[in-house]
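Next come two complexes built around chain A: one with chain B, the other with chain C.
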Partner chain A sequence: MALNRKIAYIDLSTGEVKTEAIPLEWRRKFIGGRGLDAYLLYKHCPPGADPLGPDNTLLISAGLLVGTMASASARTHVMAKSPLTNLLGSANMGGFFAPEMRWAGFDHLVIRGRAEKPVYLYIHDGEIEIRSAETVWGSGVYDTQDLLRRELDDPETQVLCIGQAGENLVRFACVMTGRKNAAGRTGMGAVMGSKNLKAVACRGTTSIGIKFPQEALEYNKQIIDQVISTKVSQIMQRWGTGFIYGVTNTTGLVRCRNFQYNQLPNSEDIECENLDKYSIGLDGCFGCQVHCRHRYIIKEGPYAGTYAQGPEYTSQGAFGAEVGCRSMNTVLVGNHLVNDYGMDTLEVGSMMAWAMELYEKGLITDKDTDGLKLEWGNDEAVIELVKRIAFRKDIGDILAEGPLPAAKKIGPESLQYLIHVKGMSNLHSDERPTPALALNIAVSSRGSDHLRGRPAIDLYNLPMKVLDKVYRNPDGYTGPLTNSYSEYDGKPRMVMWQELVYMAVDCVGICKYHTVFLSPNHPQFKEFAKLIYLNTGLEFTEKEIWDVANRGYTVERLFNLREGMTRKDDWLPDRYFDEPTKLGLPVARGKSIDREKFKAMIEQYYRLHEWDANGVPTPELLERLQIAELRTAA
Partner chain B sequence: MGKKIMITDPEKCTGCRLCEIVCSVKHNGVSNPTLARIHVVKWDNEGFYLPMRCQQCKEAPCLAICPKGAIYRDPELDSVRINHDQCIGCKMCVQACPFGAMGWNSERGRVFKCDLCHGDPQCVRFCDMKAVDYVDAAKLQSCKMRESAENYSELMRRHGGK
Partner chain C sequence: MKIGKVMEGPRDGEVRCLTCFERFRPEAGAERAKCPKCGIEWRISWPYPKTARVRGPVWENYPLGTDEKI
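Take a look at the complex of A and B:
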C-alpha cells in the first residue's frame, strides 16, 4: 500500500531511531510531503531554536504519490528552521532519492540532535543505520555519491548529501541528490552540516501497492499526454528551463548588475540555443517525460571535460545577467561548481552581484577581496568568488553568512543595495514591471522566491476566460481578476491560488512543471484528487485538497509568526519603489512598484487568506482548518 | 511470425525509469523496480543511460537450460515465454541469461521476464522519447540505411562527387 510507508524519528545525539506508522488522520489533514513536514516542524522544533544547533529539526520527506506512476512523482522535500532567515526553511528537489526512500519503506525522516562525528544514514527495506561518514567528509556532492555507492557495493543506491558548503555551514548550502537536483533554498545543507550529517543513502526493494493498477496506468497516460501536449512542455523538452532567459531578457524582466538594469544586452552566448554545443542529451527525473535539463560537458578552460547537468534558468542569471557576464562557459562552470560544492545557485549569484555593486561603489575594496577585482563581467573573478564562498575565504566568508549578517559586517550603507526579502535573496528576475510577481516574492513563506506562489502565467496576458477557469476554482472566488501583467487589481488572488496549488503539488510530491506553473492547462486540484484515489484509494474532492493546501500554508505562516516574523517582513526592498527600470520593451521600461497600491495588494492578499490586518491567521480560519491547537501552543 | 522487434537507443534515453514503473504496475499491480522486466542501467558520473531487457533471443540460453521445458517460443510475437505450470523454480534460467533479463520474484516464488505485454509493450507506450521502441524489423533496417546514406551523400555532395 502507498499508505503504509513509515515515519522515522532519528536522534543523532543519542543514536536512537524510532519508527512509527503515519496516522490516517494526518493523511486526511496534510496528505504528506511538504504539508505534513510543516506540521511536524511546528510540533518538533522548539520555538526560538538555533537553526544550526542540535534542537533544530530536519525533515526529509517524500510526497504521497512519490514512486507511483503519477507524472513526475519524484520530489523530495526538506524542511527545518532556516539558518538564512531564522524562519521557515523549506526546499524541494527532483531526482531519484524520494522514490527510493519510499521503496525502502519511509515517507518522513524527522532528524534531531547532533552527531559527535560525521555520519550518514543508510536506509534499506525498513532498516535505518547510522554509519561513519569519515571517508566522505570533505568530498563534494559528486564524489560523495559515487564513494557511498562503492562503499555500499550497490550502484542502485540513491544518495542525498551535502558538499563542502554544507560542511562549512555556508548559510545557503543545499541538500543535493544526483548531479544537479538541489533542495536549494533556505540553507538546508547548512542544517545537515551542523548536525554532522553528511548524507542519507537509500536502497529499497519493497513494493508500493497501487490501489487500482490498471485504471491508474491508463489515467497516468492521460495526465502525461496532457502535460506534454502543451507548447511550454514541448519547448522545455527540447531546451530546458533556459528557454525562459531569451524571453524575459528581451522583455526586460531580468535583473542585471545586481539591480541596476533589467536587461543584459548582447548576451546571446548564454541563451539556451547555445547549449546545443555542450549538450550530450537531456535528462529526466524519476518518471518525467518533460526532462527539462541537459547533460553537458564543459569544453574550455581548467574544467574542460567535466560532466555536469543543467544549467537552469536561474544559473543563467546567477553567472550571467546578475554579475554582467556574457559567457556560456562561465554559466556552465559556475553551475557545475555550485552543484558540486552544494550551494544555492540563486543565493550565490545574488550575493556575488551585491558584492560587485558594493565594489563598484567603493564599499568594499581590494583589501577586503585580497586583490580580487569584483568588476562586472569579470568571468574569472566570478568563478573564484564561488570557491571563496564555499570555502569561506576572505570576502567569501562574509558573503557565506547570507544577506543580512553580511550587510551587518560590511556596514549599514550596503543594506540599500541588497535585493532580499526576509533575509533571503531574490533570484535574477526583476519584478518591477510585474506587480503580481512582486507580491509573490514579498509574501512568500520562505522569503524572496518564485516557487512559492509565482503566477507565471500572468506574463502571458491570457484571455480572461482562461484565467476564470483557473483562478475561480475550486472555492468559487468571485472577486476581481485582470489579465494584463502591469495591473495590481486581481493579482492577490492569483498569488494566493498559486501558493495553494504549489503547496498541494509539494504534498503529493509531483514536479511544479506538471501543474499550473508555466501552463494554464496542466493538471491541478481535480487531477490530483483522481491520481490520489486511483493510486492510494484515499478519496478527496478537489475542494478538500485545496483545504489541505490551505492548512499546510497556514501552518507555515504560523511557524514564521512564532519565530518572530511580523507584517513588516512582507515587503520589498526600497529599490523596487524608488528606482524605475531603465531598459526593455515599453511594457517593462520605466516601471517601478507603487507603494500605496502595493500596500493595498498586501491587505487584499491577507483578507483572501483570512489573515487579520497584521497577517495573523484568524481564529475562525484555524478552527475551520482544525489546527486551532497550534496557535494556542505558540 | 512476428515482424516487430524491441530496440533501445541510449542516445534518446533520459534515464527517467518510467518504463520500469509502468512495467511493474502492469505485471504486478505495484510500484517496484526490482520486479520490472526492464531496467535502465545508469552511469551517473558520465550521464550515460542504457535500458536493458529481454532480447527475445533466437537461441535463448534460458530456454536451452530449462530442465522442464517450461520456457518456450511463442510464434505469434516471436517471443520467449514462461509456462509457470511446468516451472519448478530452479532459477537456472536466471543464471543463464546473459542480459540479466530473467528475474526472480522471491515473494511469489517464481521467475519473470518480458512478455512484450502481448504485443503492446507498456514501456514503449509510455516512453515519449522512444528510447525503447517496438518496430518493424524491415522498416528499422531501411531507416538505418537511409540515415547512414544521408551522411554519406552529404559527404559526396560536399566533395563534388569525388
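Take a look at the complex of A and C:
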C-alpha cells in the first residue's frame, strides 16, 4: 500500500534507529514530502540550533505519490535548518532515489546527531544500517555512487550523496543523486557533511500497492497528454530548461556581470540550440515522459571526453551571463564541476559574479586571489574559482561561506553589491522589469528563489480569461489580476497561489515542470486530488489540497519566524530600487522596482496569506489550519 | 496518444514576437523572420520540423542598441 511506508528516526551519535508508521492524521494534514518535512523539522530541530551542529535535524523524504503510476513522481526532498541563511533549508531533486526509498519501505528519514567517523546509510527492504564511509570520503559525487554500488554489489542501488564541497562544509553544498540531480539550494550538503554522513544508499523490492491500478493508469495517460501537448514541454523534450535563456536574455531579464546589466549581447554560443553539438541524447527522471536533461560529452580543453548531464538554465547564467562568459564549453565544464563537487550552481555563479564585481571595483585584489584575474569573461579564472570554492582555497574559502559571512570578511562596502535575500543569492534572473517575480524572491520561504513561488507564466502575457481560470480557484478569489508583467496590481495573488501549488506538488513528490510553473494548462490542485485518490485511496477535494499546501507553507513561515526572521527580511537589495536596467527590449529597459508600490505589494501579500502586518500568521489562521500548537513559539 | 512524440496542433509553426506578443508564422525552416506587426527581426530555431521558436534577436539589428560594450 502506498500509505504504509514508514518514517525512520536515525541518531548518528548513538547509532540508534527507530521506525514508526506515519499517522493517517499527518497524511490528511500534510500529505507527505516537503509539507510533512516542514512539520517534522519544526518539531525536532531545537530553536536556535547550530545548522552545522549535531542538533540540526536533516530530513530526507519522498512525496506521497513517488514511485506510483503518477507521471514524474520522482522527487526527493531534503530539509534542515540552513547553514547558508540560518533559516529554513529546503531543496528538492529528481532522479531515481526517492522511488527506491519508497520501495525500500520509507517515506521520511529524520536524521540527528553526528557520527564519529564518516558513515553512510544503507536502506534495503525495511532495514537501515549505518556503515563506514571511509572508503568513499574524499570522493566526488560520480565516484561515490559508483563505489558504493560496487561495494554493495548491486548496480540497481540508488545513492544520494555529497561531494567534496559538502565534506568541506561549503555553506551552499548540495545533496546529489545521479550525475546532475541536485537538492541544490540552502546548503543541505553541508548539513550532511557536518554529520559525517557521506551518502544514503537505497535498494527496495517491496511493491507499492496502487489502490485503483487500472483507473490510475488510464488517468496517468491523460496527465501525460496534458503535459506533453503543451509547446513548452515539447521544447523541454528537445533542449531542456536551457531554452529559457534565449527568451530571457533577448528580453533583458538575466543578470549580467553580477547586477550591472540585464542582458549579455552576442551570447549565441550558450543558447540551448548549441547543445546539439555536445549532446549524445536526452534522459529523464523516474516515470517522466519529458526527458529534459541532456547527456553530453565535453569536447575541448582539459576536461575533453568527460561525460556529464545538463546543463540547466541556471548553469547558463552561473557560467555565462553572470560572469560575462560566452562559451558553451565553459558552461559545460562549470556545470560538470559543480555537480561532481556537489555545489549549488546558482550560488556558485552568484558568488563568483559578486567577487568579480568587487575585483573590478578594487575591493579585492590579486593579493586576495593569489594572482587569479577575476575579470569578466575570463573563462579559465571562472573554472579555477569553482575549484577553489569547493576546496576552500584562498578567496574560495571566503566565498564558500556564502553571501553575508563573506561580505563580513571582505568589508562593509562589499555588501551593497550582493544580490541576495535572507542570505541566499538570487537565480541569474533580473526581476527589475517584473514586479511579480521580484515579490516572489523577496518573500520566498527559503530566501531568494524561483522554485518556491515564481509566477513564471506572468511572462507570457496570457489572456485574462486564462488568468481567471488559473488564479481564482480553488478558493474563489475575487481580487485584482493583471496580465502585463510590468504591472504591480494583482501580482501578490499570483505569487501566493504559485507558492501553494509548488508546495502541493512538493508534498506529492511530482516535478514542478508538471505543474503551472511553465504552462497554465499543466496539472494543479484538481489533478493532484484525483491522482492521490486513484493511487492511494485517500480522498481530498482540490480545496483541501490547497489547505494542505497552505498549512505546510505556514509551518515554514513559523519556522523562519522562530529562528529570527522578521518582516524586514522580506525585502530586496537596494540595487533593485536604485539602479534602473540598462539593456533589453523597451518593456525591460530603464526599469527599477518602485519602493512604495513594492511595500504595498508585500502588505497585500501578507493579507492574502492571513498574516499580520509583521508577516506573522494570525491566530485565526493557525486555528483554522489546525496547527495552533505551533503558535506559542512563533 | 504517442508518448514522447510531438503532438500536432493548430499553432504549429507559429511564434510570438517578444516585443509586441503578436503571433506569426515564419516560413518553414527559416532561420530569421520579421514580426509583421512591429517589424522586429528574430532568429528562429526549429526544435521539430513543424515547431518554431524565437531563438533570440538579430543582435546587429537589435531594437535598441547600447552604447556600452560588454
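Keep in mind that, in the parts below, the second predicted complex is superposed on the first by the 632 of 634 C-alpha atoms of A that agree within 3 Å, B and C clash if a C-alpha of one lies under 4 Å from a C-alpha of the other, contacts with A are read in each partner's own complex, and residues count from 1 in each chain.
Keep this in mind: a contact is a pair of C-beta atoms (placed from the backbone, for glycine too) under 8 Å apart; a residue touches a chain by one contact, two chains touch by 3 or more.
Just so it is clear, the model here is predicted, and its values are computed rather than measured.
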Touching partner for A:576 - first (chain B), second (chain C), both, neither: neither
First (chain B), second (chain C), both or neither touched by A:324: second
Partner chain(s) touched by A:103 [first = chain B, second = chain C, both, neither]: first
First, second, both or neither for A:309, with chain B first and chain C second: first
Touching partner for A:587 - first (chain B), second (chain C), both, neither: second
Touching partner for A:291 - first (chain B), second (chain C), both, neither: both
Which superposed partner A:243 touches (first chain B, second chain C, both, neither): second
Partner chain in contact with A:221 - chain B first, chain C second, else both or neither: both
Footprint overlap on chain A, comparing chain B with chain C: 221, 224, 228, 237, 289, 291
For the chain B and chain A complex, residues of the former touching the latter: 11-18, 21-22, 24-26, 28-35, 42, 44-47, 122, 125-126, 128-129
Chain A-facing residues of chain C, complex: 1, 3-4, 6-7, 9, 11, 18-19, 21, 43, 45, 47-48, 51, 53-57, 59, 62-64, 66, 68, 70
In the complex with chain B, residue positions of chain A that touch it: 67-69, 96, 99, 103, 142, 145-146, 155, 178-179, 205-210, 213, 216-217, 220-221, 224, 228, 237, 280-289, 291, 295, 307, 309
Touch list for chain A against partner chain C, complex: 221, 224-225, 228-229, 231, 234-235, 237-239, 243, 246-247, 249-251, 256-257, 261, 264-266, 268, 271, 273, 289, 291, 324, 376, 461, 582-587, 589
